[in-house]
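Order as written gives the chain letters A, B, C, D, E and F; numbering starts at 1 within each chain.
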Amino acid sequence: MGIVVENSPRAAQETVAGLAAFGVATVHEAQGRKGLMATYMRPIYAGERVSGTALTVSVPPGDNWMIHVAAEQCREGDVMVVAPTSPCTDGYFGDLLATLLRARGAAALVIDAGVRDIADLTRMRFPVWSKCVSAQGTVKETVGDVNIPVVCAGQLVSPGDIVLADDDGIVIVERQAAQSILQASAEREEKEARIRARYATGELGLDMNDMRPRLADKGLSYVSASERSKG
Amino acid sequence: MGIVVENSPRAAQETVAGLAAFGVATVHEAQGRKGLMATYMRPIYAGERVSGTALTVSVPPGDNWMIHVAAEQCREGDVMVVAPTSPCTDGYFGDLLATLLRARGAAALVIDAGVRDIADLTRMRFPVWSKCVSAQGTVKETVGDVNIPVVCAGQLVSPGDIVLADDDGIVIVERQAAQSILQASAEREEKEARIRARYATGELGLDMNDMRPRLADKGLSYVSASERSKG
Amino acid sequence: MGIVVENSPRAAQETVAGLAAFGVATVHEAQGRKGLMATYMRPIYAGERVSGTALTVSVPPGDNWMIHVAAEQCREGDVMVVAPTSPCTDGYFGDLLATLLRARGAAALVIDAGVRDIADLTRMRFPVWSKCVSAQGTVKETVGDVNIPVVCAGQLVSPGDIVLADDDGIVIVERQAAQSILQASAEREEKEARIRARYATGELGLDMNDMRPRLADKGLSYVSASERSKG
Amino acid sequence: MGIVVENSPRAAQETVAGLAAFGVATVHEAQGRKGLMATYMRPIYAGERVSGTALTVSVPPGDNWMIHVAAEQCREGDVMVVAPTSPCTDGYFGDLLATLLRARGAAALVIDAGVRDIADLTRMRFPVWSKCVSAQGTVKETVGDVNIPVVCAGQLVSPGDIVLADDDGIVIVERQAAQSILQASAEREEKEARIRARYATGELGLDMNDMRPRLADKGLSYVSASERSKG
Amino acid sequence: MGIVVENSPRAAQETVAGLAAFGVATVHEAQGRKGLMATYMRPIYAGERVSGTALTVSVPPGDNWMIHVAAEQCREGDVMVVAPTSPCTDGYFGDLLATLLRARGAAALVIDAGVRDIADLTRMRFPVWSKCVSAQGTVKETVGDVNIPVVCAGQLVSPGDIVLADDDGIVIVERQAAQSILQASAEREEKEARIRARYATGELGLDMNDMRPRLADKGLSYVSASERSKG
Amino acid sequence: MGIVVENSPRAAQETVAGLAAFGVATVHEAQGRKGLMATYMRPIYAGERVSGTALTVSVPPGDNWMIHVAAEQCREGDVMVVAPTSPCTDGYFGDLLATLLRARGAAALVIDAGVRDIADLTRMRFPVWSKCVSAQGTVKETVGDVNIPVVCAGQLVSPGDIVLADDDGIVIVERQAAQSILQASAEREEKEARIRARYATGELGLDMNDMRPRLADKGLSYVSASERSKG
């Protein structure tokens, strides 16, 4: 009773590429602190940043058949996003499937389950964000769905959304908002550069943003340690 | 009331060494997806692969006395497998014990608890797979057992079993099955090489393994995104 | 209703610096196996060792305003220790605040919550030990406290305590005990060097510490595997 | 920057009420094993079953202001579904808010965070499913959203969806599918009654569903224990 | 190297008893949302509320010897608070020790580890809050400390502090603040009674506390579902 | 490639029944603190105690087919012990299978995964110990094994072993040791009765077991709170 949705709409390639200039933390802030996957999702090796279009896959626990089905739907620059229908740590994906996905144009894998062959994946520089590492294999017995909306690591992902992932985690940008988020990210980055320059001189956020009166309003008080120990 | 079993039988050295040519994922598949320890067991540094004979140690929580007892039983190429009798995160093992174990011929440590001095262990290239890192020391007050069957990280390990560990985790191969598993691993590796070559050209598993009729039987259907949004 | 305590007493600088010669595991043993934070606290990159004076910050969940307040209290060599008032994974801290803290003299951050911009923090070599990595930002709405005693990752930390952190974790040394712990650490290190040399020759702890009679008293017995399988 | 969506569409009252005749397990099966929240969500007391319309609330960590905002939007029979924007265990809700929600017609609360005053809530028989129990209070400083789609305990919930909860957990039924799921649930219940009657006589599923040939095809074999111990 | 501190100061008995009139949630609020233990601490049976003086015990993992030592220090109305020096799930305490503690006047046990014989403890109505239930026994080999400050379930507890526990968890009230917290709790209870009466009529917190202007300031906006779906 | 082992040997019925007179904690102690399952295994309702013969089932994640196969092997008084080959929370078992198992003579279920229909199971008084409650259903696609040794919740269970379960958890007694463990349990119970009687009078374990000299040897010292605060 599974379904494969073909030819989902995609975000403009320059928007996708543009977001890769910014980190997950910046884009997440730029879109109002939304869209971040759970913190247990970690890269198998450090130092990658990937921006791509979500190719979503809903899989049964312990069954990776649908990854084969999804491979056929893969288009250049896609990030495959795999979500099991119940929590699972099995190793759905290894160097063989990475070889196939790379040949089909995939940019990366994001999976709320396990992966294996991580030494090989690292050598291939095939970027993967996963819940865990596990050599435990899977079967091919039960169908699931491709390119329907899924919840992956606590986050709704629709096919065609943009997936941005780096060492800080994974953020999902809705396709139709992507262009404006790209713009907002650029603005945020500029603003951060100005702040960074001032912080580097030791200027406090307290002063830069005039926080002292509001802190006092909230009741913050200062006392010296020597007075306090008397009290 | 502890017991130390001496002179346990061992797998043939060439079988143990032979398995090191294959990764944990391959061997685990080759023996029918059995024998894998839990995914929370991780190497303290990446890039090692070790194959050795299990020297098992059952320890009380927070007490590493039996590791000293077990050190005497250590033979060239042994992998010490330490399982506490109840969950514990303490650091049972550090660079001192690693120095001793190396001098006695041990190849590695697998411990369902904590280790410490990991910067030193990494410098020594002494391979360790553990549940966590902890500087918390242990006492030497209560006896346990050496070279009896233990459950470590969810997996039964008998003395003399083969322990294969790499970045994907740890798999246990029963001593008497080891020779046939070695053979099966070699066959699997060859088969994977052939699949890899075809995947690299973009050939789908769907076609290579003629999956389409069976997927259709299971009810998998295809629909275009444009039709679906109308529905 | 928050409070900022100013000019807390500090440990002598040479004591703080002296402790950095020893690892967390050694110091923790030297002070009687006390003061270690929970094992989920991990460095964002390997290979750092930091010794500094605790600048404590109690923060609400999801609110990093007090880190700005605490930045003003930062003195050369301080380690900021941040504890949320209830469990939180949010990313309270990133490369902007690291720039500010470094400008104010801070040596490191220890936080029982999340951090972000870890690729940048790693490039800056700004050492951080945290519960997790998260790009999830925080607000600036609710006050907390600076330089009061806090419980961070299961450990009491008072302002002015010494924070020693490395790849094995984080240990807290009380200010007034610091000088004697430094001495005890040096003695322990010497003792360990002697043990290490003997272990390197394969001499057993069983013999070096005359453990055999006590093990026998506790009922430890030896049996050969061949006898046992008959039984 | 929060938003409150008013007058969301609702499922027909008889459909909502009809589903309450069936348990979560039955309805979840009837809709194709979809829509179940994570297993850490538990009722604060046993024996309740509630079916209602979802009133969704997205809240910051440690801040329950939006529950007050949402209370105004509550209509007879609503189940308030509260999801924090990052993981939080705080006690957002106690007997005071339960008193208010009951007065406004709410049937229950489902919250991916903590609740408190559970002895009072139990006495009131106000049904709550939560991640944990915590007396830790919250602030009222930051806005969120009401009646937008949220992910709660791993499950997408849109305003107007039907929330069915009992001792087995919580399942979400999409508003537009609710009528057909109700039908399918009734059919499933009937079928289960027939199966139950036959199981009660000791008739095996193996025979009732003619599983033996398929098991043999999959390679299942039978061996007696006595033969096996010889082998 | 353990220490037993005798004759610690205690809070006035009427203060201790007075706090039992209020729940953990109320007292926790009354003292400024401080002092709550972690949410994994749960009662072994529902419906108890206990207020007593803390008798603190620091124990090694898997070793309950110090509970015997502490039993001698027990005074009428004490709540024994047991914290292991590293995480442990073992069953330190069962019906035998409960019999002894009851005979010595103890009111309850709070333990950041396991307990056993919970059916018997329930029959005895001996109140226990624990991290888990475990039949795993402990040894008596290593000393610890009695009546020193401990961190239990994330909370600092000093001997003589007041421990208040009920179905919502456990809160610690510092001895010297107890009288004023008792007063504040009574005031809070009265205030809550007034709020409860108004909530029962359906009056909103939004109106009662004039929240609307501040919500608007923060940018909260209202939109109808029908407009939104057009947008 | 699954296997079903038929006609496993069983412990004598009077031994199995005899153990039910003792609790899990007592039997666990009587057999040397071995054989206890992990503490996350909990009964779905309180107050049961079951002793039976283990009928072991190894199941794939998310697939309960083998429970049907195992049902045929069930003999009067068996406790079905189900272990998934990788961690899984799905609801493998509900009131239908409980009806069948009861008709086939099963006494209880122990499962390192989820169960559902717990309100019905409670009404039926069908005892279940499980890792969690989950309405998430399973498929019937992949074979596993029946009556081979399995590791369930961290404990090795062989077919024919005795499973004793109550509110404190689950302990496994090896078939061939059962008669002597029964004897040892009775002796322990008698001894505990004598201790309980003395504890009830307030007699300390310190005195009853002459612990004071050994505590002093270990370095335990006593100090009064008043002296300590001077120091």
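Just so it is clear, a residue touches a chain if its C-beta (ideal position, glycine included) is under 8 Å from a C-beta of that chain, and two chains touch if they have at least 3 such contacts.
Computed from a predicted structure; not experimentally measured.
Chains making contact with subunit A as well as with subunit F: B, D. A straight line joining the Cα centres of subunit A and subunit B is 30 Å long. Spacing of subunit C relative to subunit F, judged by their CA centroids, is 39 angstrom. Within subunit D, residues 1, 33, 36, 85-87, 89, 134, 136, 142 each touch two or more of the remaining chains.
Checking each pair of chains for touch leaves A-B, A-C, A-D, A-F, B-C, B-E, B-F, C-D, C-E, D-E, D-F, E-F. Residues of subunit B touching subunit F in their complex: 1, 32-34, 36, 38, 85-87, 149, 151, 154-156. Per the touch definition, subunit F reaches subunit E in the complex via residues 23-25, 28-29, 33, 36, 39, 42, 46-47, 166-169, 171, 192, 195-196, 199-206, 211, 215, 218-226, 228.
The part of subunit A that touches subunit B in the complex is made up of residues 1-9, 65, 68-69, 71-72, 89, 91, 94-97, 99-100, 103-104, 114, 116-120, 122, 132-137, 140, 142-143, 147, 159.
Note for the complex: subunit B touches subunit E at residues 60-63, 85-90, 134, 136, 139, 141-142.
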